[in-house]
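After this come two complexes, each holding chain A, first together with chain B and then together with chain C.
Our next item is the complex of A and B:
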C-alpha cells in the first residue's frame, strides 16, 4: 500500500518537498492556507542575487508540482499537526503516515516601530511595498513625483529587544542593497543612503552585490541606526541617526524612507508546538531536532520541517530543505 | 639655542590597550552586564536630547569608557539631562540612563 504524506504550506519549501516526494512514489497532499501556491514569492519582483524575475522561479515550481501529480488543497489552513496527520480549519482531520511542516515565516509589521511613522506619514514604505510597487510597474511618492533622496533603514523588526525580535533575519541586508540599486536604476539622479548596524552578506554573490551597489550605483552606506523620523514643513521626512564612524549625530531630509522589514516566526508555530516533539526556539521559530544532521527533523519521528519555519533562509536554502526533508521522509517510511 | 623644527611633542593618539587600566570598566560591566551587549548602533546618541544641543555624544563616551579612556568622561556625562529617551530607542534593551549614573558614580573623584 502506498504511503501518504501531508505537507503543511505551499511556499517554495513546501512545493519543492511535494514534487520531490512524488519522484519517490509517495502520495502527497499539499495543504495551503492562501488561495494560490507560492507563499511570499508571490509578492517579490526580482530576486537577489541574480535579479531573476520571481515569477520565473515560481512558475517553474508550479509546473513541477502540477506535473508531479501531488494533490493540492488551497484555501485550507492547518490548525493542528499530529504524528499521524493534521487538523484543518473546521476541525476536519486528515490522516497521513508523515507530516512535513513548511509553513514559513510572517513579515514584521512595521507599524509596531511607531517612531518611523509607517502608516502615519506619507512616503514611509517597507521593502515589501517596494517589491509590490516594482511589480505594479510604478514607484513614486504619494504626490506622484520622483524621489530625489531615499533612505533605507536596515534591521527594522530584527535584532531589536524592544519588539521582542532578537534574531537577525539574514535576507534583509541583501534585499536592502538590491532595492537600493533598483532605486538608482529607476531614479539615476536620486541620492540613496543605507543606514545599517552591520552589513551581513552571507550568500554567494551577495558581497559582490554590495560592492556593486557602492561602485557602480554610488549607494552611500552610513553606519548608524535611525532613531526616528518626523515630517518636515515642506512635506519631506527628517531622519535622525548617529554617524557612528564619524562620531556625531546626523540628520537628513529625505523624500522616501524604506524600512527593511525582517522575518518573524509564523503565526501557526505556537499551535503546532502543542504537539509532542514539536518545540519552539526562544525566538519563536520552530526548533529542529538539532542544527546539524537533524536540520529537517523534529522530536517526533513522523514530523519533519523545511524552509523558513525553522529560521530565516533564502529561497535556494528553503528549497534545498524541501528536498532534504522529502528524502528523510522516504528513509523514515521505508524503515517502518 | 633652541631650534624650532616645526614639531612638538604630542601625546600618542592611539587607544593604548596595553597601558589602559580597565579595572573601572570591569566594575561597571559587573554591575550592568547588559551593557556588554551594546552593538554601538548609535541610536542613543541619535535620539539624545542633550546631544542635539551640545557636543555630548553618549555612545562615543560610553565606548571610550569601555576601552579604559576615562579622561573627561565624568564631565561629559554631566551633560546628560537624564530624560531617558535613549533607553526607549536602544535595540539591546540596555538601561542607558542607569548607565549614565553608573559611569558617573564609578568615575567620581577619578
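Our next item is the complex of A and C:
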C-alpha cells in the first residue's frame, strides 16, 4: 500500500498511531509542534497507578516510532487541516490520503484561579510543577527547606463553571493521590491533605491506590474546596475551606499548596474546527462522529482523531486510541 | 508578593465632567470625606464635578435588606441617570461602594435582559416624566482618585512616610465586597488583588500590608448589622481581620466603602470595651481613614477640616507619623469656632486596657 497519512501531534496517541500504521505498511508523516516527540509525557515523572517512570513509556514509544521508519517532522506547527492534508506554519501544504489529529490538550492555567495566588505567592505550585521538581530530583520550598504541611487541591480548572471548565478532567484525582503519596515518601514527617469535591477513581488500580494513600501513607482527604489562599506573617500560606462532611469551615496554615490542574481543550481545536466535518463539543474538545462506534472518526471520511483531542484521557487510553485510529485509517484506505 | 495581576484588570475611567452621587451614610460618620473629594477634584485638579441636590439615595441598603424590590431600585437608579442626562453629563461617579455595586449590577442586568431596561424606562417615565441615557462611563470615586493619583503625588505635601525615620507607612487597604466581588472587571485589579487603594498608597510613598484576612468582609453584611441579634457576627468578622493584620503593625487602615470604614473604626472601640483588646501599638486602636481623607492629608489639608475628629479611633498617631501639623485644641471646634461637643475618652484610645494585642516581633 503506498498511501500516506499525516499525524498531527507527536504525543502518546500520535506516536502509537504512527508505529501502528507503519506495521500496516502505510507511509506516515508525524508532525510535532515541539522540538521533541512525547508531548506532555516529557514533563511527567512517574505514571499512576503503577508508578512506572514516564521515561520508560516514552522511550519505548520513541523506539517504536524510530524502528517503524515513520517520517518525523518536529518543530512544525499545523495551522490547518483538510481532507487531503495539512498546512503547516509558513503556509506549506503537505498532501496525504488521510489525517489523524492527535493534537492533545492544554493544561489549565492556574493563574486564572486568582484566589489561590499561583504565580503571586511563594510555595503555590501546580501538579505539573511537582512533576518537574520530581524529575529534577529536588522538591523544596522557595527557601530551600522541607515542607511540614502540604495541601493538595483537586479540580483546579475542572468542573468549574466560573472559569468555563464544566467538564471533569478525570485523571487529576489519581494524579493528586499519586503526588500526595510521593510527598509522603519524600517527607515522611509532613502532614499531607487532599481537598476534593468528589474522588473519581475510574481506572484499574486507582481505587486501591486511593485506599493505600489513606491507610499506608496517612494522607488526609477532606471533602471541601479551598476558597482562598493568603500569605501569613511567618511566610506560610493560610487556606480556607469548608469540610463538607462535618459541615464546618476550616482554616489552616500550610507550607506548600499544590493545585491539581485540569485539562482544557487544545488551543488548536478552534482553528481545526474550521474544516468541514471537524466539530467541537460544547466543552471545546473535538467531537467525534459517534461516541460509541465512531469515537476516532470525524465528520470527514479522511480525518480521524486519537487521544485527548476529543476528551481527557490517561496515557494508556490515549495509546489505545492511537491504535484504534490507525486501524480505522487502514480500513478507510483499503475501502477507497 | 508579586502583586502584578492587577494590571490585567483595567477599566476606562473618565478624565473629567463627572455627575457625583453621594452616599447615604458617609456624611454622618466621615463627614468631611465627600467634601474633600469635591475640593480635591475641583480645586486641586481643576475637574468639573456636579454635586446635584436633586439626586437621592440609591436605596441600596433597603435593597440588600429585602425591603426595596428590584423594580423599585432600578427605577431609582434610572432617575439618577435621568438627572445626569438632564444636567448634560455622561460620566457617573458614586461615593458609595454599595451604590457602585448597585449601578454595575443594574447596568449588567439591563445589558443581559433588555426587557428589564425597557420596563424600567416605562416605570420612570410614568412616575416622573423623565428619560435617561446610560452613562458613558461609570466609576467609583476611589477609581477617580486612583486615576488622578500621580497628579496628587505631584502636589504631595505629606507623603505616607514616617517623618522621623523616613520609612514608608504601612497601610492596610480594605476594598469592600461590592466594589469588585460582584463583577471583578468593574474594579481596578479585579476582586482578588484589588489595586485601587494599594495604587494610591504606593503612589504616595506608603507600603501595602498583605495579610491573611485581606479579602475578608468587614462584617457589615447588612443583615449582620441591621438585625440586632446578628451584630455579634458582624463584630466577629472585623475581629478576625484585626487579629490577622495586627502582627504586621499597620500604621493605618484605609477603606473604600462607607460601611467598612465605619465598622472597622467603631468595632475597634466595641472590641476594646468587650474584650479589653486593642490592635495598634501602645494599647491604642489602628486609625481608620477613608481614601479621600488619605488624599487630603497627603495634599496638606487640615485634618479637622477633613472631619477626622469624628473618628472613633484617634488619628493623631498617624498625623504625628506623617508630620501633619494640627491644633489639638481646635479638634472639636466647628467651622464657626464653637465647640461641637467633646466625647468621653474611649477605651480604644486611652491606653488603659488590661490586655493589649500581643504584637509579634
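Definition applied: the second predicted complex is superposed on the first by the 335 of 336 C-alpha atoms of A that agree within 3 Å, B and C clash if a C-alpha of one lies under 4 Å from a C-alpha of the other, contacts with A are read in each partner's own complex, and residues count from 1 in each chain.
As a convention for this text, a contact is a pair of C-beta atoms (placed from the backbone, for glycine too) under 8 Å apart; a residue touches a chain by one contact, two chains touch by 3 or more.
Source: prediction; values computed, not measured.
In the superposed model, A:155 lies in contact with chain B only, and not with chain C.
In the superposition on chain A, no contact is made by A:83 with either chain B or chain C. Counting the residues of chain A that each partner touches, chain B and chain C differ, and the larger count belongs to B. Legend: residue contacts after superposition of the two complexes on their common chain; A:201 is shown touching neither chain B nor chain C. When the two complexes are overlaid on their common chain A, residue A:300 makes contact with neither chain B nor chain C. With both structures placed on the common chain, the touch criterion links A:228 to chain B and to chain C. With both structures placed on the common chain, the touch criterion links A:238 to chain C but leaves chain B unconnected.
Judged by the touch definition given at the top, the superposed model places A:112 against neither chain B nor chain C. In the superposition on chain A, A:120 makes contact with chain C only, while chain B stays out of contact range. Judged by the document's definition of touching, chain A residues 115, 228 lie at the interface with chain B and also at the interface with chain C. Of all the residues in chain A, the ones that touch chain C in their complex are 111, 114-115, 119-121, 228, 230-233, 238. Those residues of chain C lying in contact with chain A across their complex are 1-5, 190-193, 210-215, 247-248, 360.
Taken in their complex, chain B has these residues touching chain A: 39-48, 51-52, 57, 59-60, 88-93.
Residues 115, 155, 159-162, 197-198, 223-228, 240-244, 247-250 of chain A are the ones that touch chain B when the two sit in their complex.
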